[in-house]
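Dumping the structure here so I can ask a few things about it.
Every chain is named by a letter (A, B, C and D) in the order it is written, and numbering of its residues begins at 1.
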Amino acid sequence: MGKRVAIIGTGQTNHCSSREDVNEMELVYEAASAALMDAEMTIQEIDAVVLANMELFEGRALPDMWCGEGAGAFMKHSFKISTGGTSGTSGAISGYYHAASGLFDTVMVVGFEKHSDGNTAAGMALTDPFWDRHIAAAAIGNFALSVSEYMADRGVTKEQSAKVAVKARRNACNNPHAHLQMPHLTVKEVLESPILAYPIHRLEMCPQSDGACAIIFASEKIAQKKCPRPAWVRAAVTRHDHIYLGEVKHRLATMRSLRAAAKSAYGIVGIREPIKEFDVAEIYDPLTYAEIAWYEALGFCRDGEGGRLVDDGITQMDGELPVNPSGGVISTNPVGASGTIRVAEAALQIHGRAGKRQIPDVNLALATGYGVYCWSDVIILSSKPG
Amino acid sequence: MNRNLQQEELLRIATQMNLEFRFPAGIHYERFFRELKETGRIMGVRCPECKRVLVPPRPVCGECFVRTGEWVEVGPEGTVIAYTSIYFPFIDGSTGKPRSIPYGAGLIQLDGSFSAINHILEEGDPGKLHIGMRVKAVLKEEREGNIGDILYFKTIEPEE
Amino acid sequence: MDPKVAIIGVSQTKFEPDKSYEDIPETVFRVVKEAMEDAGIDKNDLGSIVTSSVDLWDGRTASNQMLVDVVGSIMKPESRVAGDGLGAAFQGMMTILAGASEITLIVSQCRGSMGAHYEISNWVFDPIYQQPLGLDYLSAGALQANHYMANYGISQEDCARVVIKNRSDAKNNPYAQVKNETTIEEVMNSPMWAYPIKEMDAAPISDGACAVVLASGPRAEALSNRAVWILGIGSCLDCHYLGHRDLSGGDALITASNRAYSMAGISNPLKELDVAEISAAFSYQELLWTELMGFCDRGEGARILKEGLTCLRGLLPVNPSGGMMAGNPFTVAGLTRLVEAALQVRGEAGDRQVKGAAKALCHGTTGFCGQGQYVMIVGN
Amino acid sequence: MNDTRENMILPGKVDLPFSYSAGKTASRFFLGLRDHKKILGKRCPGCQKIIVPAQLFCKECFVETDEWIEVGPEGILLTFTVVYRAGKHQPISTPLAYGIIRLDGADTSIIHLLGETDVSKLRAGMRVRAVFSERRKGHILDIQCFRPV
């Protein structure tokens, strides 16, 4: 069995559509510096660095060579994890493995993306050159296909979807790092925003952000010493599924990679009733409909009841299980960092350092990562080492 | 953010990525496109274990972790299992030019195939699209042996 | 360290200039199946998979997606190290030590034939200060070569001897792409690409893949009677901007190898190691790397080669496989070194076998001029 | 293998625009080149090194650099190469030369093009001087090259 590991510090940039004042490496530096300050550590106390991003968005090859310095990787062990949209959570899981292996005591993980440097839609379209590249309309087109399927499968309504968007952008107002903060957004406005790909409206989709997020993992000894309330990693599970969209029917309704990852992670921690046992969840919601589908896949409710959870306000800030107090990916999406942000936000809730978005008395928190329908990551953090 | 810090001018360094690649088709895509070009047939492969017919054809069934087996003709008719109409403008990464919008797209389960394929639908009005509708592949006259040889899928009007 | 992780299966493709007769999944499926057969396991035994590849070299985004079916990762955990394959082996080892997996498959693949290697490498350089100058792996390597050679009095003939040794050794390697013997004259007369690097000083561009199966101690002992144990690892990242490091040296490799040595309890690598498989994309790098790994003093790399210490029958044979000069699919190089090191320790390296090899070093590098360095020590 | 058939190859092109934020530090460095023909470094308050080209932070001390300092325009060539192998990514035609130059007053070196491409006329230790481009746009190539003094 691996060693006990906790998250003892996190740091984020202020995410927005275009950070003109820093380059990509400096964006990483900003997040890493913030995490060091949060953990009250110096870079000399960090043993290893893991980076995570999706390099073709910025047209880079091996961007960790350039950006590693920003994460303080100079003269340290370092590499980059890249697994599509899950990069940020997969990077965090790798950082956890580094510490849990016993080979490193302290590990800095930084997820980052600077969408404004490149051309995100085109980068996404660079899929199978023989097939998808000539047909697919980036991520949104594939989402739209699945959403049409999902609505038919589960009877989820446009209004329920729009409510998720409203919740996300309002929650984001409590998060100083969030990209889209819309305190007065209404369901009507969401449904009146332009359709990107039927039936998805612009305000139901995630934005493209410039941003970075850093997490510091530490071994038990250091965590106890450095952090008054460490966020212990209790489970970190990845599952992978078929890449051809049409090889898995009812993707959103089934999302078997997320179901399998959750089942395994819940088994490790001994969770039977996630909606009761989790105090908060930070889930990777690339669009509103996915958030509802993930409620079902994560067992927050029975299949077909995701929409009801929204209608009943169960996942609101004051609900039984607040989902994405940060505003989620729908409010902030620097892809390579989006997963890392989920983990950082879940940790912040346990640290009790989440400011205006703090949920009271968080002891058990869930974070998930999602990538191109193929990958799902599930991470469970707890105030108790277990 | 350091927006309050007075900075005379913030620069960007512009560059164009212009790289050429040569993607090997391998025996599966090669046979698929050759059949499409020469005979107009759409082909899949069957997994010898789970018996699923997979389109596009590929060397391995990931579910069973075995080599795929016999070739099977599928379609050209099929059923729409998911659909959309694309309205947002984007740059086509392979041409560097904006793709013309709006257009319809669907997941089409070709008759005889387990897996569905994503492709363009002739009908672009979401009001006229629905799950379960029947469609048929429309091929180019002068085919070149690539996925563009299937122009789009057109709606099969239900018989009166 | 306690020998907690072992290599229980290895496989590599033949390295070729162009494998366009088959697609990448086809190639990868073959090495994966072979490595799993070598380990005596099937897909159900896999606890996790780590791949290594780089999107821009593959010409597609999240390019490891195309490998899902063929590496057996449906409903399994797969992660990717976007860099050298030896880094992926590090990740795999940590996955096992963390208790997240008992058996982990490591796979690396690249097709040099698909794109323009040196042009693509220009996109590794930071886009602000270095990329616009048109730098690439070749020109950066040439700056390092010139600096190193001038500072330590290494001649172009000295570098040519690296090519001669590796080409000659590659004859014994059935997986090698380049295996015709050569002479100093031939190397010296090959076209000057970037002073002082000539065409024949550069490793060829290759297509290929390799796979390694790692297992936890208990599983390795249960499954295999020829397990090769990981004794030590070390890695290190140097700074990116070429003007900010001493190119004639390389603190990253010194640090990485010292970390690995200290974990493996090695104090005199030249004597204690039986064989070394190192990643040198240019001939000068083999000389420089052997110095930085402490096989000899600084500036002595050419001398120990000339005296035969690093030849197949020498005190510490370096690259008996022919190294990257025998075949060089980008990102696969480091994992190939591990495959070769494991074969040596198992005594299964055929005609390139170093007699009685019990402890081997393998080395991978990422970025230009050895910016990122990985060193692993394996033994029986 | 499979010699009897011709391998089907799909030519693929990646043709995409990118525009990279230089950030405030590199922007000021480039503006120094463009508007004043000056090469600027920044001092690290930790190790006191003057880093050129200017960087936001010192990678060793991991603190932001503070003081701006003009360096060069002359310096010592530490090493060089002359490249003969042509590539689309190169800004000028081959042969082209690169040098690593320790500018007067700097503690790190700058990499740039050299104005001399004859290997026999280049040697480590020689003095070189920045030549500025006529038309400057706030870019590293606002220095056209470094030429032997």
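The definition used in the following text is that contacts are C-beta pairs under 8 Å (C-beta built on N, C-alpha and C of every residue); 3 or more make two chains touch, one makes a residue touch a chain.
On a predicted model such as this, the values are computed, not experimentally measured, just so you know.
The busiest chain interface, judged by C-beta pairs in contact, is A-C. The chain with its CA mean position farthest from that of subunit B is D. The centroid of the Cα atoms in subunit A and the matching centroid in subunit D are 37 Å apart.
Note on chain placement: the centre of subunit C and the centre of subunit D lie 29 Å apart, centres being C-alpha means.
Distance between chain centres (mean CA atoms), subunit A to subunit C: 33 Å.
In subunit C, the residues that touch at least two other chains are 20-22, 56, 59, 68-69, 73-74, 116, 119-120, 123, 127-128, 132, 239. Listed for subunit B are residues 2, 5, 7, 10, 12-13, 15, 17, 19-25, 27, 29, 33, 62-63, 91, 93-94, 146, each touching two or more other chains. Among the residues of subunit D, those in touch with two or more other chains are 2, 7, 9-10, 12, 14, 16-24, 26, 59, 88, 139.
Interface residues of subunit A facing subunit D in the complex, by the touch rule stated above, are 18-24, 26, 29, 33, 36, 42-43, 58-59, 69, 72, 74, 114, 116-119, 122-123, 126, 129-130, 133. Residue ranges on subunit D touching subunit C, taken from their complex, read 1-2, 7, 9, 12, 14, 18, 20, 22-23, 26, 51-53, 59, 78-85, 87-92, 96, 98, 100-101, 108-113, 119, 124, 139-141.
Interface residues of subunit C facing subunit B in the complex, by the touch rule stated above, are 19-26, 29, 43, 56, 59, 68-70, 72-74, 111, 113-116, 119-120, 123, 127-128, 131-132.
Within the complex formed with subunit D, the residues of subunit B that make contact are 2, 5, 7-25, 27, 29-30, 33-34, 91, 93-96, 145-146.
By the touch criterion stated above, subunit D contacts subunit A in their complex at residues 10, 12, 14, 16-26, 56-57, 59-60, 62.
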